[in-house]
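The structure appears below as structure tokens.
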Amino acid sequence: MNTRWLDDRIRYDGSQLRAHWLLRGCGLAGDAMVAFRGPCHVVVAEMADLADLDGPGIAGDDLLHFVWESFAAPDLLLAVHRQRLLAAQAAELLRELAPTVGVRRDGDDLYVGSGKLSISIATCTPVSALVHFAVNATPGGAPVATATLAQLGVDPRRFAEQLLARAAAEQDSIAQARAKVRPKGEWQP
Amino acid sequence: MNTRWLDDRIRYDGSQLRAHWLLRGCGLAGDAMVAFRGPCHVVVAEMADLADLDGPGIAGDDLLHFVWESFAAPDLLLAVHRQRLLAAQAAELLRELAPTVGVRRDGDDLYVGSGKLSISIATCTPVSALVHFAVNATPGGAPVATATLAQLGVDPRRFAEQLLARAAAEQDSIAQARAKVRPKGEWQP
Amino acid sequence: MNTRWLDDRIRYDGSQLRAHWLLRGCGLAGDAMVAFRGPCHVVVAEMADLADLDGPGIAGDDLLHFVWESFAAPDLLLAVHRQRLLAAQAAELLRELAPTVGVRRDGDDLYVGSGKLSISIATCTPVSALVHFAVNATPGGAPVATATLAQLGVDPRRFAEQLLARAAAEQDSIAQARAKVRPKGEWQP
Amino acid sequence: MNTRWLDDRIRYDGSQLRAHWLLRGCGLAGDAMVAFRGPCHVVVAEMADLADLDGPGIAGDDLLHFVWESFAAPDLLLAVHRQRLLAAQAAELLRELAPTVGVRRDGDDLYVGSGKLSISIATCTPVSALVHFAVNATPGGAPVATATLAQLGVDPRRFAEQLLARAAAEQDSIAQARAKVRPKGEWQP
Amino acid sequence: MNTRWLDDRIRYDGSQLRAHWLLRGCGLAGDAMVAFRGPCHVVVAEMADLADLDGPGIAGDDLLHFVWESFAAPDLLLAVHRQRLLAAQAAELLRELAPTVGVRRDGDDLYVGSGKLSISIATCTPVSALVHFAVNATPGGAPVATATLAQLGVDPRRFAEQLLARAAAEQDSIAQARAKVRPKGEWQP
Amino acid sequence: MNTRWLDDRIRYDGSQLRAHWLLRGCGLAGDAMVAFRGPCHVVVAEMADLADLDGPGIAGDDLLHFVWESFAAPDLLLAVHRQRLLAAQAAELLRELAPTVGVRRDGDDLYVGSGKLSISIATCTPVSALVHFAVNATPGGAPVATATLAQLGVDPRRFAEQLLARAAAEQDSIAQARAKVRPKGEWQP
């Protein structure tokens, strides 16, 4: 899996979570994950999670975004597992970078106290699986009580580069583990 | 997914990680996870991870074991993701139960300092996927430097029941998320 | 699989056979089947079966409808098997409720004599599989010779609730059977 | 799917339900179903259904057997659906051949009154899916109360040839239906 | 797999590479491949290969086209393998029909010297996999240097009928091979 | 996909075509293909192709062997396609290295005149797919009329290294192609 930090600020409106945005928008072919910073305002037509349609909206002035597309293993159930594992990794990394602040994962969401630190969705296209995961970098613009990387004293770019590296390493490690295991047979009493 | 705490001590030798042990040994049909306490001595013929064949052995006098079998979604790559997510959940729970002790996840392993707290493997059978995850309860009998729940001040049964509940809740939450997401199309510049 | 009888009459035009109608229209998340009564007039744009495009139309004044969506096992070939099995179950139930009337299944269609009792289609969306199955409740409005539940003396709601229950029970039974079988190996002469 | 009636009596002991018995024992390559007559005594080592291990045994002096192997679509969940549909078809055919006798399907079993008319299992091999379905031809040798084709006045070979033909026709019809359906999109309120 | 030569000249604009064109446009249900002759001008909206979007265009005055749709095994990765194998078969056939001319395959493309002889793409729909493969019949209208069947002295229709037959025979042979192989187990040192 | 030339001569008896031989015997984890030279005598118990069981035997004094294992995409139907494509690539390469000798592919076999140049099989294990492809290097020991690389004037090691490179490049190219294609929708008349 290729990873890349994008220097440009990009306004995330949900249209980036479409097939081949990483190829056509970023020049990355095949399984890849990118990170970038920018405001977030997901338009209703681009909301993938139907639970969000009647919600307060998905928005923020300054988030750190991760977009992940996989063609090699595009199953949606797998994609949701990958999303949860990415959220767990993000929490693990934040606990290392900000050890005195309690970061809590609940499904695909991260919280600090009652403040929501992240947003996320996993979905699929006819040719791939997609994950969006984003954490608030600085306060402002969100329709709910938030927590931010600024509040945790965590540098967004440093966090991004480390999470990109860890997610790629975890996928490599998973592929290795899958290839090194022998199957088991039927239990005999 | 059904879950169950087994009161009996069971000597885990790797043969429990076979198809239908949960059905025939524990009376649980379908996707299920159990937890129990007992010594561990995995015989070579039952080692699923080929990386362990030339290793120091997989053993301990007193571990807390989790065995998970899935028939509904038996893909091996998915099973490895589930295993990693279970390890991440175990670490999250331990951080709550023992907040002053740093628990670190590295792939499917948990560590406290340089002590290895857990062992784990994900594999498959012709009809199912299997995960074994176990944490040392009290010291003794391991071929490597270990950490234990006793050292963390964590009650094994309380930990087991909470992890069983969280793993089942996460799978429910994943199934719900998968069913509530609408697909995305092709990116348009 | 959740099931539900919907008290409201709903005009079925084919748009109900779309992803997440059960979630957004009926509040049911995950694998589910509902039944309701209402007229039927499938517009051409919503016809899933290409064989119907040049046909006499899919219509009727008063049908008993079943809509089934599955996210957990969305394969289209499987969905067609489920549809056939549902049609077979409907015929079995009608033979019990109206033992003196010969109900005949031909693929996904039920007939009484030369009268067509049912319409049905199985299709897929990018995230799920869908089945529509409907039987004529009372005569009128159909472009072909029909049979009806009224003619069989079968109460639509009673039939609906029993078929919902049987379809759910059959799926439970299938999942149990799949989880209780051990695999077989190669034949040896 | 190829079908064939086998003239030889074959003693069914469960070993026929293995990969490539149809190829090596009957000369049929690829997806196929055969029927033959013979006694039945399934040895424990060949029992696929774990629910049978502690049961009264699977035996009879004179059964009509069907063995079905599929390589093209070997998924086990699909195989169980095919098995149920085959049982439903057998019941439909028996109702036509013996209209005055009530034949009842319960999952993969057929009953006449309290007499069990059939036995069946669906399982898988590493390269295929398998279904065994058999109905008692004449009484004798069974560990449970049975019904028989003789009691229904149905000729076993005639029944076999018709069921082989119907099962093959249903699979053809399913493949055609799967290829003639267009997909549906997301529901719009 | 059904195959058919279409006598009518058809202007290929990419819209033929859509689900069920073979059914609705040509009357062929299920897995099938057709061949026909006609000009080619793929409009941007119908280009499946994103690498072509910024290219010189996909056009020619007179090509021999092959369109292949598969419902029975619609996986996209498999479809790309089928496309490559079809290109390899086309090259094999051309070497037989024009033994003195060097035909070279590079991925899914055929070349004679520096002249591009063919165009091709494999893609998928929500219900099927699709392959388009076309070779230049006579010169003219292409945005790149081309080679043609005329230059090779190969009759387009004769080539078409032979390639249709070989592609169908290869698929039959592959299905037979898949059904005649027994699985292997774990390596033992 | 990793590739490697093995300097040691290895006697191929079919046991090398088992899961994880590349890992445990050659130190290669994950998808990989190796080539080596050695005699061939496949014992009956290791024959994967059932068509070979009653044949003249699979043997030769000096062959060039290729063994390919894939964990990432282990479907057997795909593996047979990969095998065919590898055979086609081998023929393409031989035509370049020995342009005056006609090499003909028939399914997974290569011939020079009536001499059989190669043997091959594709099969699967519970965790992977496997391909064995071998060409006769020098004459002797075969139960059928053979052709050899020596007869073609082709150096085995040079051929091996080029074929390893081309097979790996084709797989890379296929993965790229799969990731660069956008899906197509339903045909509209």
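So that you can tell them apart, the chains are marked A, B, C, D, E and F in the order they are listed, and the count of residues begins at 1 in each.
One rule holds in what follows: contacts are C-beta pairs under 8 Å (C-beta built on N, C-alpha and C of every residue); 3 or more make two chains touch, one makes a residue touch a chain.
Remember, predicted model here, so these are calculated numbers, not experimental data.
With contact taken as defined at the outset, chain A and chain B are each touched by C, F. Between the contact lists of chain B and chain E, the overlap consists of A, C, D, F. When chain centres are set by their Cα atoms, the one at the greatest distance from chain E is B. Although chain C and chain D share one sequence, what matters here is the overlap of their interface residues, and that overlap exceeds half of the numbers used. By residue number, more than half of the contact pairs of A-B reappear in one of the listed pairs A-C, D-E or C-D, namely C-D. If you average the CA atoms of chain B and of chain C, the two centres end up 41 Å from each other. Averaged C-alpha coordinates give centres for chain E and chain F that are 24 Å from one another.
The residues of chain C that reach two or more other chains are 19-20, 23-24, 50, 76, 124-127, 178, 180-183, 186, listed in rising order. Screening every pair of chains for touch gives A-B, A-C, A-E, A-F, B-C, B-D, B-F, C-D, C-E, D-E, D-F, E-F.
Within the complex formed with chain A, the chain E residues making contact are 50, 53, 76, 124-126, 186.
Every residue of chain F that touches chain B in the complex is listed here, in rising order: 20, 23-24, 126-127, 182-183. Of all the residues in chain F, the ones that touch chain E in their complex are 15-21, 24-25, 46-51, 73, 75-78, 80-82, 84-85, 88-89, 91-92, 95, 105, 107-108, 121-126, 130, 170, 173-174, 177-178, 180-189. Contacts from chain D toward chain E in the complex involve residues 19-20, 23, 29-31, 71-72, 125-128, 175-176, 178-183.
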